[in-house]
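Several structures are given next for inspection.
What follows is a pair of complexes built around chain A, which joins chain B in one and chain C in the other.
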Partner chain A sequence: MRKFFLVVSLCLIPLAPVAARAHAFLDHASPLVGSTVPAAPHDVVLTFTQNLEPAFSTAQVTDSSGARVDQGKAQVSGNTMTVGLKSIGPGSYKVHWHALSVDTHSTEGTFTFHVGGH
Partner chain B sequence: MSAIHRCSRAVALALLFTALPFTQAFAHCFVGARFLPATLATDDPCVADEMSLPTISWSRTADMPPATEWDVGADISKRITQDFGVSLSETWVHIRGPGGPTMAGFDNLQTAAQYQLLKDGSHELAMLLGLVVDWGSTGAINSGIATPYSVLTPTYYFGKGFGDLPDEAGWLRAFAVTGEVGYQVPSRSFDVVQQTLIPQVLAWSGSIQYSMPYLKSEIMDLQLPDFINHLIPIVEFQMSTPVANNFGNSFVTTGTVNPGVIWVGSYFQVGLEAQVPVNAQSGHGVGVIGQLHLYLDDIFPKTIGQPLIGPSTPPQQLKF
Partner chain C sequence: MASLLASLLAGLLADPLLYARALHFAATMLVAGVVLFAVLVAAPAWRGAAGNRAVAMNVRTRLAVIAWIGLALAAISGAAWLILTAAAMSGSPAARVFGDGVLWTVLSQTTFGRAWLIRFVLACALAATLPALLSRRDRKSTWLEITAAVLAAAFAGALAWSGHAAGGLGGEAILHPAADVLHLVAAAAWVGALLPLIVLFAAAGADDASLAMARTATVRFSILGIVSVGTLLATGIVNTFYLAGSVPALLHTEYGRLLLIKIVLFLAMVAIAAINRVRLTPQLLQQASIAASRGALRRLRRNAAIEALAGAAVIAIVAALGTMAPAIHAAHQHPTYGAVPADAAFVHIHLVEGMADVTIRPGRAGRAGATIRLWDEDFEALEARQVSMTLTAPGATGNPTSLPARQRRDGAWQVDDIELSQPGNWTVTVDVVLDRTKRLTLTAPIVIEP
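And then the complex of A and B:
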């Protein structure tokens, strides 16, 4: 049994450089997750911990009634996803994102930001 | 067969996996926006490609006077399909009594076959069924570490994140719980060496955890230091209650409560917990357990991090 785990460990070491990519976590967003901004932003920018597959990564923004307020398909460049916003007023907005990292790992999430005095 | 030859065969097998079809990979325990880390004392509720190497614990036994016990374990889990996986575990045990003899050796080999019953992303809920087998006579029987009989444990696992609570719940949404309940059935009912009954035991364990990564990415980015944003404070517990075939013996529940923390990275996690015995029958004083856990699906995403048998469809175009 000792040999078994030793062999497994030894075998994994040379494979390490084959690929070193992982799940794409949301590293930070603008506006910040859960934040309140004084003026309506023109877009939402999501920065991930890994590069993304543009064809399979996207985001949408909805207002408190569930209506979409984004301008459509998100733009993906490297580890950044940007989605433009329509003209929005004070209120709470939800950002729903789905990311596929370049090694096909899939992640998703939702967060809220607020505009104005909410 | 030499280690080099075994390694060569394993590498060749791994290279074959590179021809596996392009599929979306969720692998270790993601349920919707929730990531449930591999817990140290219990198992997470997902099939996965992962390896714990090593898990090291130190504790003092319930004997009087207490002996000092070191355990060094390793386990590897592999998905066969997206929903079915197997795992192998082995632990080296070293027990030294005060002025008494030292017992050391490997415990019995443990295997598990697990099936993913449910992953509900919107409710951050995962359920798993498994059959855990401790294979008798595969460890150091003569040292008193392993048993000559096997133990079969049908086990149910679950995990639940609270991200589906209303937004008004705020930071409480970062909490999650996991648990497992198993019924241990020994392959023998009587130990002829010890001249005692071998009880059937209810094994129940779980965790409550608070995810700082979830807080940052789903609820509120407090712009804390990066190290803090990777932490998951956790309290685990693991209990055993004899429930049958235990005539004349104590039916008292034994176990530990383990407060600690897990640091989660992209390719591995590191966990450290204290082990607090719940009563005198569970041990003396506070023990410690630590673990390095590797996400094989992230380290080797196109080889051994893929299920052996998987769907051949490419990722679906998203409909946003």
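And then the complex of A and C:
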């Protein structure tokens, strides 16, 4: 019986709260999610909570009329994804990312950022 | 509990990937289990049955049949898993993955695909060792036994790169897969070896030589079991640490509850194994009478069957867990990031005191609804007394009206019947009353499509 309680209490050890993460979620982006930047950036850099599969991870950037303003295929390195931008003017831009984590699960999301002083 | 089982059942029926995963886990455990059993448990037992070669050969022949069936099932279910995963990764239907080079891209360029290629090679090598390992000949070369055992362990262990353990960063990138590999090998050595053990017990009992074989096997399996259970416990703790992370996550998410059921089943299996070791094994070893030994053997066989059934249930749960989002997300992640509907406008507003995810759906001019989720700086849900939202149209001059939000059962705040008069760059302001003295105002632009 003592052994049994030892086993049970051992099983409870991992239940202490920790701040670990799993699956690829957007951790932060540059430009920041929802932010307004004074000058047009050359690229959008997305940092995720897990490493990504380059073959199946994409990001698209569109302007408020829905036209693509990114330069095509995103570059993936580890847990960051970088997509180059065409020269863009002031306005609102929508980033739509699709991330396939190395654990085979995919996630996607959108956010906007704004260029210019208004 | 009933609703959990019902939703699990519904998920099973809806998701062919679950079947493929469950079958592949079971078949892999079985193949690796038979080989590890033959090398670590049965080989010394067969030497103990030297007085009755027929019974040893009989057991070997049956183990060979089980191993080949397991290998065939592993190949079929592994192929199905690969195709379904390739389809999910590329977003194309399963029938299309053969064209367009999708399958090759998955195999050559993803962690999952490379693990599958390596495991295919391991399976072929393992298949090459099977005829000699389980042949009718009594004496096997030590090199053959070591090679087969290593291949079997690698075939099972490499499954770690098919799931959640593969994705970590930093220290987790090493520790989590390492723990998962050991967990899988230990599971194969214990759970996968139960059916071979039952087969050996079933063949024994008729004479002294076969009883001697059963005794040696029981003692060896007992040692293997203790090592496996210790490994499963230690590595299971590491995995739970990474995938659940906290008590609330275990208790309040479907993933956590399933994991708890798995732990309970594991403890039940350990309890049965303890009875076997403390009570039945000594009875078998005492050799007081053939009748007493046979009685102990029969009960050991029955208990092994119960353990094997519980093990099968554990494997089914493992298959389901791998397709679910780990509990850790519910507590620490931005769930909305993963699930922003395509037709929604979404903005994440971030202040030091707290943050809000605002989803307006549909995110275009016209009538819409809004969902607001509040978080504190640690991404824990932020308790609020009252929430209201204000939407300001592009270029608006007057005072926009503030819309009250009502709290839904899932904790999110909902605003219905919003009139979005025009497309463009709107401003959303979320007003949060935290308590009598604390308020939080979050403002951000949000793009409404035409």
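In this text, the second predicted complex is superposed on the first by the 95 of 118 C-alpha atoms of A that agree within 3 Å, B and C clash if a C-alpha of one lies under 4 Å from a C-alpha of the other, contacts with A are read in each partner's own complex, and residues count from 1 in each chain.
Operating definition for what follows: a residue touches a chain if its C-beta (ideal position, glycine included) is under 8 Å from a C-beta of that chain, and two chains touch if they have at least 3 such contacts.
What you see is a predicted model, and the numbers here were worked out from it, not measured in a lab.
Applying the stated contact rule after C-alpha superposition, one finds that A:Asn51 touches chain C and leaves chain B untouched. Once the two complexes are laid over each other on the shared chain, residue contacts for A:Gly66 go to chain C alone; chain B is not touched. In the superposed model, A:Ser106 makes contact with both chain B and chain C.
Within the superposed three-chain model, A:Gly34 lies in touch with chain B and with chain C [touch as defined at top]. By the touch criterion stated above, A:His114 is placed in contact with chain C alone, chain B being left untouched.
In the superposed model, A:Asn79 lies in contact with chain C only, and not with chain B.
With both structures placed on the common chain, the touch criterion links A:Phe25 to chain B and to chain C. Common to the chain B and chain C contact sets on chain A are residues 3-4, 7-8, 10-11, 14-16, 18-23, 25-26, 32-34, 49-50, 53, 55-56, 100, 103-112.
Taken together, the chain A residues at the contact with chain B in this complex read 1-12, 14-16, 18-23, 25-26, 28-29, 32-35, 49-50, 53, 55-60, 74, 96, 98, 100, 103-112. In the complex of the two chains, the chain A residues touching chain C come out as 3-4, 7-8, 10-11, 13-26, 32-34, 36, 49-51, 53-56, 64, 66, 78-79, 92, 94, 100-112, 114. Interface of chain B with chain A (complex): residues 3, 6-7, 10-11, 14, 22-27, 30, 32-33, 35, 51, 53, 74, 76, 88, 90, 92, 106, 109, 121, 138-139, 167, 213, 216-221, 223, 266-267, 295-304, 315-318, 320. Only residues 85, 88-90, 105-106, 109-112, 162-169, 172-173, 233, 236-238, 240-247, 250, 263, 267, 270-271, 274, 325-326, 328-329, 332-334, 336-340, 344-350, 378, 423-425, 444-447, 449 of chain C touch chain A when the two sit together in their complex.
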